[in-house]
Each structure stands twice: as structure tokens, then as C-alpha cells.
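Taking it in order: structure first as C-alpha cells, then the write-up.
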Amino acid sequence: MEIHKADIIILGAGLAGLRAAISAAETNKNLKIAVVSKVFFLRSHSTAAEGGTAAVLYEGDSYDLHAYDTIKGSDYLADQDAVEIFVRTMPKEVLDLDHWGCPWSRLPDGRIAQRPFGGHSFPRATYAADRTGFHALHTLYERMLIYENIERFQEYFVTSIMIDNGTFTGLTAMNMKTGEYVIFQGKALIIAAGGLGRLYSFTTYSHTVTGDGAAMALRAGLPLEDMEFIQFHPTGLVPSGILITEGARGEGGYLLNKDGDRFMKKYAPQKMELAPRDVVSRSIMWEILEGRGYSGPWGPYVYLDLRHLGDEKIKERLPAIRDIAIKFNNINPKDEPIPVRPAAHYTMGGIQVGNDTMSPVKGIFASGEASCVSIHGANRLGSNSTAECLVFGDISGRNAALYVEKIQNIPDLNMDKVKEEENWLYKEPFKERGSESVATLRRELQNTMQEKVGIFRNEKDLTDALKIIKDLQKRFDNVYVEDKNMYYNTNLMTYFELRNLLEVAEVVVLGAIARKESRGAHYRTDYPKRDDVNWMKHTIAIKRAGKIELSYIPVRVTKWQPEERKY
Amino acid sequence: MASTQSLKETMEPVAWMFQLITALFMVFFLGVHLILMHAYGLNNILIQAILNRLHNPWWKAFYIAFVISITYHGLNGLRGVILDLGVKKVKALNAAFWVVAIITIIYGVWLLFNI
Amino acid sequence: MDKVIFKIKRGTPEEWQYVEYEVPVEKGTTILDGLYYIRDNIDHTLSFRASCRMEVCGSCAMMVNNFPRTTCSTQIENVKPDGTKNGIKVIKLEPLSGYPWIRDLVVDFDDFFKKHESVKPYIIRKETPEGQLLQSPEQLAKFKQLTLCIKCGACVAACPISNSDPLYLGPAALAAAYRFNADSRDEGKNKRLAVVSDPEGCWRCHFSAECSEACPKDVDPASAIQKLKVQAAVFEFKRIFTGRKDGEK
Amino acid sequence: MGIKEAFKNWLSIKGRHIHGGIAYLFHRLTGLIILLYLYVHFGALSQLLNGGASYKNFLTTVESPPFVALDILLFFVIFYHGANGIRLVFNEFGIGTKKNMLFFWVMMALGLIGWILLTYIVATRFIGGG
């Protein structure tokens, strides 16, 4: 058994986790900080983010404008005081990244360039080509190397969060390389374990985004907020789900159904393909549901047609999309349309935290996609999430550092619980019993979520989904791990991930069943209107004695009163 | 792995530079040598011809430079090859290189003066 | 073509063998898709790394018919077969060469990242600046291509020196050093040169250029390393002539 | 990695390119062969020390067909190493690295022409009885 002790433990090394590590290390050079991740830090999902990161940098833009855009985009479910902190801190984060070496794209005069983004009324998406998340993550990683008080634990799979007497005490984990049991003890924990996109079969997410953070938090008794809000991006490449940026439509791409119709004229005659994300996603799904999509071995799709733009324009304006289409689909967009379908893209909800990123449990902080501050409400704007990771990652790191400074000793672990977890980890998965495999269960779960808890939701589908998930949770007991070799046992890791997915799926569905309105990404065909009177509130889910309980807290409104969302 | 505290002395940059410079020299030396010995008919390699040439100070200088270049270039190349096999005793290897190189050069030059 | 055989090197350094699997193939199926197919449907015990499946995270590099590739962006259709068996195309998959092997298609990357860290791959400045550090698009262009490195390690697997000398810093780390040396915002060039000028540093590169052939991102580490050598040589000569250990004027 | 495995990897050309890893391996092998030859050559020259007689013998052996054939082979080795070496000098100073493949084949062509010329000269000299 490996035991590691640190003042602050950071779970996750995406943008949020690494930003938190740097900030904590800077706040107090004497603190020992441990960063733990199940993949090498640079492999974290944040590296896939493309478009940009929102910040108010130049004349003509203002904090109020950014805040307004964000709140309107959130369908008024965002906490407005949090949004204000967010927009005010963001410019500094862009500058920090600049000083640390991020290769931001530049204006001819040498200043950092920005570009327009969906839902923002000013071109404030700061970008590094079309690899913003990639460059930001690498910059943070490289900067982190400077701090000698940051210890790195890569390819350590965290399995549970230990809380005793309402205080954080430690983490249990598995060293993936050796299969050894590992314990992390610390005074504070920052959860930055990302989203849960792999809950869906068709998603823009990396394979490793499996809701571990949320699931562990739930098991440990932490509250999750607004989990029913899952964003779908209209154009995920079929079959892989790789993101095709909004820019493709921005440059004039058409969406075509099986009959060769530009079907958007039915749904948004004015804006056509450039209507907001949720509208476009819903329109594509209508077409598919009504049988006007193409069907292939990898599921239905519609076409994103760029042919009329001509080779020149595609090469000049959409080189990355061209690359992706050629590399992954053997399609040259000048000759053939690109098959697309809406794909799960972002988790608005997460662990409930205050504006200081502190959770209700002493010593536990959360930031990034795993947390819900909440600045995204029911629908986040593009380029606001990498920004969130930076701002609240920074805040969580600093606050955690200030918090642990006041604590003398690392609290003792409850060794019984540690042993219990060890027993579970090393015995349960290997018991030979039923014939279920991780892959079949995961597939069933993902298909269920995709079909019944997707873009359109209704009472019946959701209750069906809940039943299926409950059933899958039972069947999970029949899954056993075939692979007995403890060196880099991916069979075992996917087993743990499946367990987590099954747990968070239930929360998503319960929240969706309860919320009888349509707001942002949550669209109920049986309640197609937003209901500010009854539902302008956040969903809170807590697991008590194996049962998930829902409750609600009000949205914090400062300056911006809800109005109809028109674009 | 390369040391991170670093700033220690190393002959590598000089060795590298010389490897390339001697390589260029050698194009000249070897070119002249090959043409001289093989392209002009047998007369050139008859013993008398060789001895005559060696008594000309210019040719002598030419050959001394040739010997030094080729020895350095070849042996430093060999040193690199050995280093590339992951040999950790860099200092010992460098010392051995110098010893062999100097002996070879001395012998080569001695030959030039004694035949 | 509707199916293909994956011949995979499986096991641990102590005990291993090649195992063959039949994988269905369609237009666009990548090698990584095939691996997931095997793990989900044929053999759950197959171990390999992958995450983003869009050639940006660097997890999935392995030897495909003796050549290192990021498998998520390599379509089966585009790979020349290693041979055929009963008329079915065979593709050979092995863990990256030149790394300590852990198991199946997984190798140990610790040393790779340590080497990357050792070249000080971050901006070094004497004082923290206020406001933006201006950088013209031309200045950016000098190192932009080098920032595309996803640390997949394919270059190291391809480099003959890295394969025979585990101490060699290797193309990825050296290219990273040059990336920061070429950044107009940086002031730490000499500190980095002092590291890469180690006997196991840039001087071990003999321009095999296999690194650049293997790189999925066209980072071209081979070119960067040669430029780094010139910088390092200048630095070392300055050090000799000025007597200053840190190479500063 | 043991030295044996290192050596094996060092000699491996699996998955390597002609203008890349294979050119590099050949460069090494040819360099080492010439180095070996250098010492053989020194040995031969030492024959001169004992005066003309033994050198004459030596010369007749060396001028016999098999030895001339070996010589021609050696030229090949030298021309390869030289031609590729010139490329490397430029490449290692950072020149022409992007067009490395073209550069390689141009140098190979030049080297080959040189080798054929020299071979022709030597062969005619030999056949003509010099």
C-alpha cells in the first residue's frame, strides 16, 4: 500500500486542476500540493477544447456586457454574483497565460487576438488558433513544473473520497501501472475531475470523461447541483463524435436532410443554420425522429454541406475541419457533405459550491466542469467553460491554500473505511459470477441516455430510462472483471468508470423528471415553456442511505431580471 | 538522463563542430588523395613518386593535416557511436579517445617523416 | 475490405506472445476503433491507452507495422498490410519501441516526461511583466509549429538513438527546448542551452530525421534540434571565451 | 536496456526510411569501415619503412584484380559516406532540413556519378595495363 500525504490534494489535472495547483503553490510556497489524475496530465480532456476562451480585453467590450450575455445564455439560471466575479477575473487569467507562454493568436500589432463566438455580443473569444484548450493546458502544465512543492501523481485512478465527522480526510486510489492500493491523506481537497460526457453514446468528449468526480462526491455525501442540464452541440462528426466547430456554419455551410432540403428554414426561417445551438440541435433531431435523416451503421445523421463554398474558401477558413474530415472520414468537404448529428458536449451541473468554490463539507473545494458555481445555469455559452476552469480553478487553489494554513495537522483517516474500500476494490470486481460485461452494460446505458434523456425529454421516456438505469445498477453486480493481471488493467478501470456512470446517470434522470419546464438545454416536449414562477431554482441532489434526494435552492439574481430569450 | 543542475563542462559542442569541419576538409583531402593515387595511372603510386612527394614540404603539410583530420574525424565518430549505445562512462571514453587519437596521429606523422 | 486481422503483441516483458484478432472494417474505421472493438467484443483484457480519439491528447501512439503512429488518427484503410492470412490483411501492433514496456500496448512514459521537464519547458523571465507581452504574428510564426507537439512520444520511438541510448534526451524534449528558446517572450535561453548541451543532449542527435517522419503533428523536431545545436555551440563558445559559466555576456 | 539490445536496436532498420534511419545507419557503418581501413592503410604504408622491395610485392598484390575490386568497393563506401556526409554537414547546421529527402537523393546521385567515374578510370587503367 502506498501512502502519500500532502496539505492540498487536487483531484484532476485538466485546466481547472492545474490552474488550482499553480495558484495554491503560489499562495504559499511551503505547502505540499499533490495533483492526482487517472491520465497523464497532458492527456486530460481539456486538451480537446477548440474555439476559444472568453475574456473582456478591449475597448468596446465591458464586464456588464459579458455578464449579460452569459446570464441570458444561461436562460437566467446562472447565479449572477458568481458571473460577475467570473467576468472580472477572466482578463487577468488571459494575461497570466500570456506571461507563461501560451501561444495566443495575435493581431498585427502584437496584441492578443479575439474572435466572435455564439451568444456573445462582442468578439471576446481569446484563441490560440483552433486549439485553445490544448495550448492553455500545455501552458499550465509547463508552468506547474516550476513549483517544487507540487507533487505529481499521474495514472492514479481515484476511487473514493473519505469524509469523517464532516471533514475531508483523504482519497483512496489505485496506481494503474502496478495495480497497487494507494491512499492520499490531506487537509484539503479540490475536485476538478471534469464532466460526464461518456454517459452518452454520441459525444464530443474524450473516452476518459466518465463522471468519476460527481459520482465519488455523491457517494461521499456531497450535494450535486443542476445535473439535468446537458448541452448538445449540433454538429458532432458521425461516427466518431469529433466536434465540427460552429464556424463551419458561420462560413455558410448548409444542413441538409435526406431529401436534400435545407430543413432549418422550417424551424428558424430567419437565422437558418445560425440559430442558437439548442435550437439547431433540436431541429436536427426533429428531422431524424420524423424519418428525414440518413441512416447508417453508426446511427442516423444529416449532412453538413460545404461543397458550395469551394475548395479555396474551405482551405482558407476551415483548415482544421478539412483536416478532420479527411483524416477521420476520408471525406474531402469540397467533394462530399459531412455527416453530423448533435452530440453531448458539456455538463452544466456539478458539485455544489459557493462563489469561493467551497463545498458544504469542510476542506472540500471544487472547480471546473466538475463543479457548479453556477455561472452556466441551464446552458453555457461557447468559450465560457475553459474560462470558468481558469477563474474558479485559480480561486479554489488560493482559497484551499488559505484554508489549510489555519489547520495544524492532517486529520486521521478512518482505517476501517480504508480497509473496506480496499476489500471492495480488490475482491468485488473479480468475483466470478454472471456473464455481464462492462462493455454491454455501458453500451445499454449510453444508448438509453442517448435515446431517452437526450435533447427531447418527456415524462414517459424519462421514467423508462430511470427503470432501465435501476435495472442496470442491479445487473452491475453480475459484471465481473476478466482481466486478473494488475499491471495497467484497463478492464478494471472501465469497470470503476461504469459504476460511476451508472450512479450519475440516476441523478441526471431524476433531476430531469422533476423539472417540469423547458429551460436552456433541458427541453421537455410535455412542458415546452420556461416557467420562471415555479422553476427558477437550482436542483440539489444528495445521496442519503443509498437514496437520492432532491431539493431546490433559489437563483441569486442581482441586476438582470429574466426576459424572453430571443436571438 | 541529462543532468538538470547542469552548467558542467563538456567537450561535445567543440567535438561536434570539429566533426563537421573536418568532414568538409576531408572532402578536399580525400578528393585530392583519391585522384592522385588512382586516377593518374600507376606512376603515381610507385615508391619513388611517393617519396618525392613526401619530401616536398607542401605535400608534407598536406598529409599531416590529412592525418590529423581523418584521425580526429574517424575516432570522434567512433566515440559518438559508442556513446549512442548508452555508455555511461563519458569521461573514461573521452580519455580513451584522446589517447588513441594522439597515438594514431603521432604514428601517422612519424610515418610521414620516416619513409 | 470488410475485415482485417490485428496481430497484437500481448503480455508483459516476462511472458508475451502475438495474438490475432479479426476486426470488422468500414470506411473510416481507425486502428483505435478496432482496438476498442476487440476490448468490447472479443477480449476484455486487452490493455491500451487512449482518450481524445481526435489526435490531440497524445495517448494512443504505438507501433503499427514497425512504425510509430497515433492510432486514433490512423485509418485501417490507409495502412499498408504487414502481410495477409487467408486473404485477409494483417496489421501488426506493438507497444512503442524504445520505452520500458509495461504490458500489452502500454509503455512507461515517466522517463519521457522527466526528460521533457528537464529542459525547462516554460517561459523564464527575470520579472513578472505588467499587461500583455506584445508578440507579432511573425514572432509567433517562428515557434508556432513547435507548440503543436502533443507529447505522443512517437518521435522518440522512431529515433534510432533513443532506441539504443535510453539516456538520450530525445527529439520531443529537445524540440520543446527550442520552442521556448525561439519564443520572443522568453529570457531563459542560456539556462536551457546549459541543459541540452549535456553529452546526452542535442549532441547525440545525428539527424536521422526519423522523428520528423513519425510526428503526426508535423512538428519537425529534426529541424528544431539542428537549430538548437547551433545555438548551443554558440553558447558554449561564448562560455569558453568569456569564462562565464552561465554564458551571459 | 542492455548493451546487447542497444546494439540490436542500433542495427535495426524496421520501419525506417531510406533517407532517414537507413541513411544514418549506412553512414555509421561506412564511417566505421573507413576508419578500419585507415588503420589497415597505416599498416600498409609501414611497408615502405623496410625499403622498396616489400613495397613492390605489396603493390603487385594490391594491383591484382580481386584487390582492385575491393578498392572499387571501398570507393563506393567512401563516396556514400562523403556524399551523405556533405548533406549532413549542411543539415546539422540547420540548412536544408525541410527538404531533407530531396537533398539526400541529389547527393546520392552526385556520389554515384563520382563513384562511377572513378571506377571507370581505375578499371580502364587496370585493363589498359597502365
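A, B, C and D are the chain letters, set down in written order, and residue numbers restart from 1 in every chain.
In the analysis below, a residue touches a chain if its C-beta (ideal position, glycine included) is under 8 Å from a C-beta of that chain, and two chains touch if they have at least 3 such contacts.
In this text the structure is predicted, and so the values were computed from the model without any measurement.
Chain closest to the overall centre, judged by the mean of its C-alpha atoms against the mean of all protein C-alpha atoms: C. Centre-to-centre separation between subunit B and subunit D, using Cα means, comes to 15 Å. As a whole-number value, the distance joining the C-alpha centres of subunit B and subunit C reads 36 Å. Between subunit A and subunit D the centroid-to-centroid distance comes to 60 Å (mean Cα coordinates, whole Å). Subunit A and subunit B have centres, each the mean of its CA atoms, that are 63 Å apart. With touch defined as above, residues shared between interfaces to two or more other chains in subunit B number as follows: 16, 84-86.
Annotation for subunit C: residues 164-166, 206, 229 touch two or more other chains.
The multi-chain contact residues of subunit D, meaning those touching 2 or more other chains, are 1, 6-7, 10, 28, 88, 92-93.
Those chain pairs judged to touch are A-C, B-C, B-D, C-D. By the touch criterion stated above, subunit D contacts subunit B in their complex at residues 1, 3, 6-7, 10, 28, 31-32, 34-35, 38-39, 42, 45-46, 48-49, 52, 55-56, 59, 63, 71, 75, 78, 82, 85-86, 88-89, 92-93, 118, 121-122, 125, 130. On the side of subunit C, the complex with subunit A involves touching residues 12, 26-28, 30, 39-41, 44-59, 73, 75, 77, 102-104, 106, 108-109, 113, 117, 120-123, 125, 128-129, 131-137, 139-140, 143-144, 147-148, 150-151, 180, 183, 185-186. Per the touch definition, subunit C reaches subunit B in the complex via residues 111, 114-115, 118, 161, 164-169, 194-201, 203-204, 206, 229, 232-233, 235-237, 245-246.
Remark: subunit C residues 63, 65-68, 97-98, 158, 160, 163-166, 206-210, 212-213, 220, 222-223, 226-227, 229-230 touch subunit D in the complex. On the side of subunit B, the complex with subunit C involves touching residues 1-4, 6-8, 10, 12-17, 80, 83-86, 88, 90.
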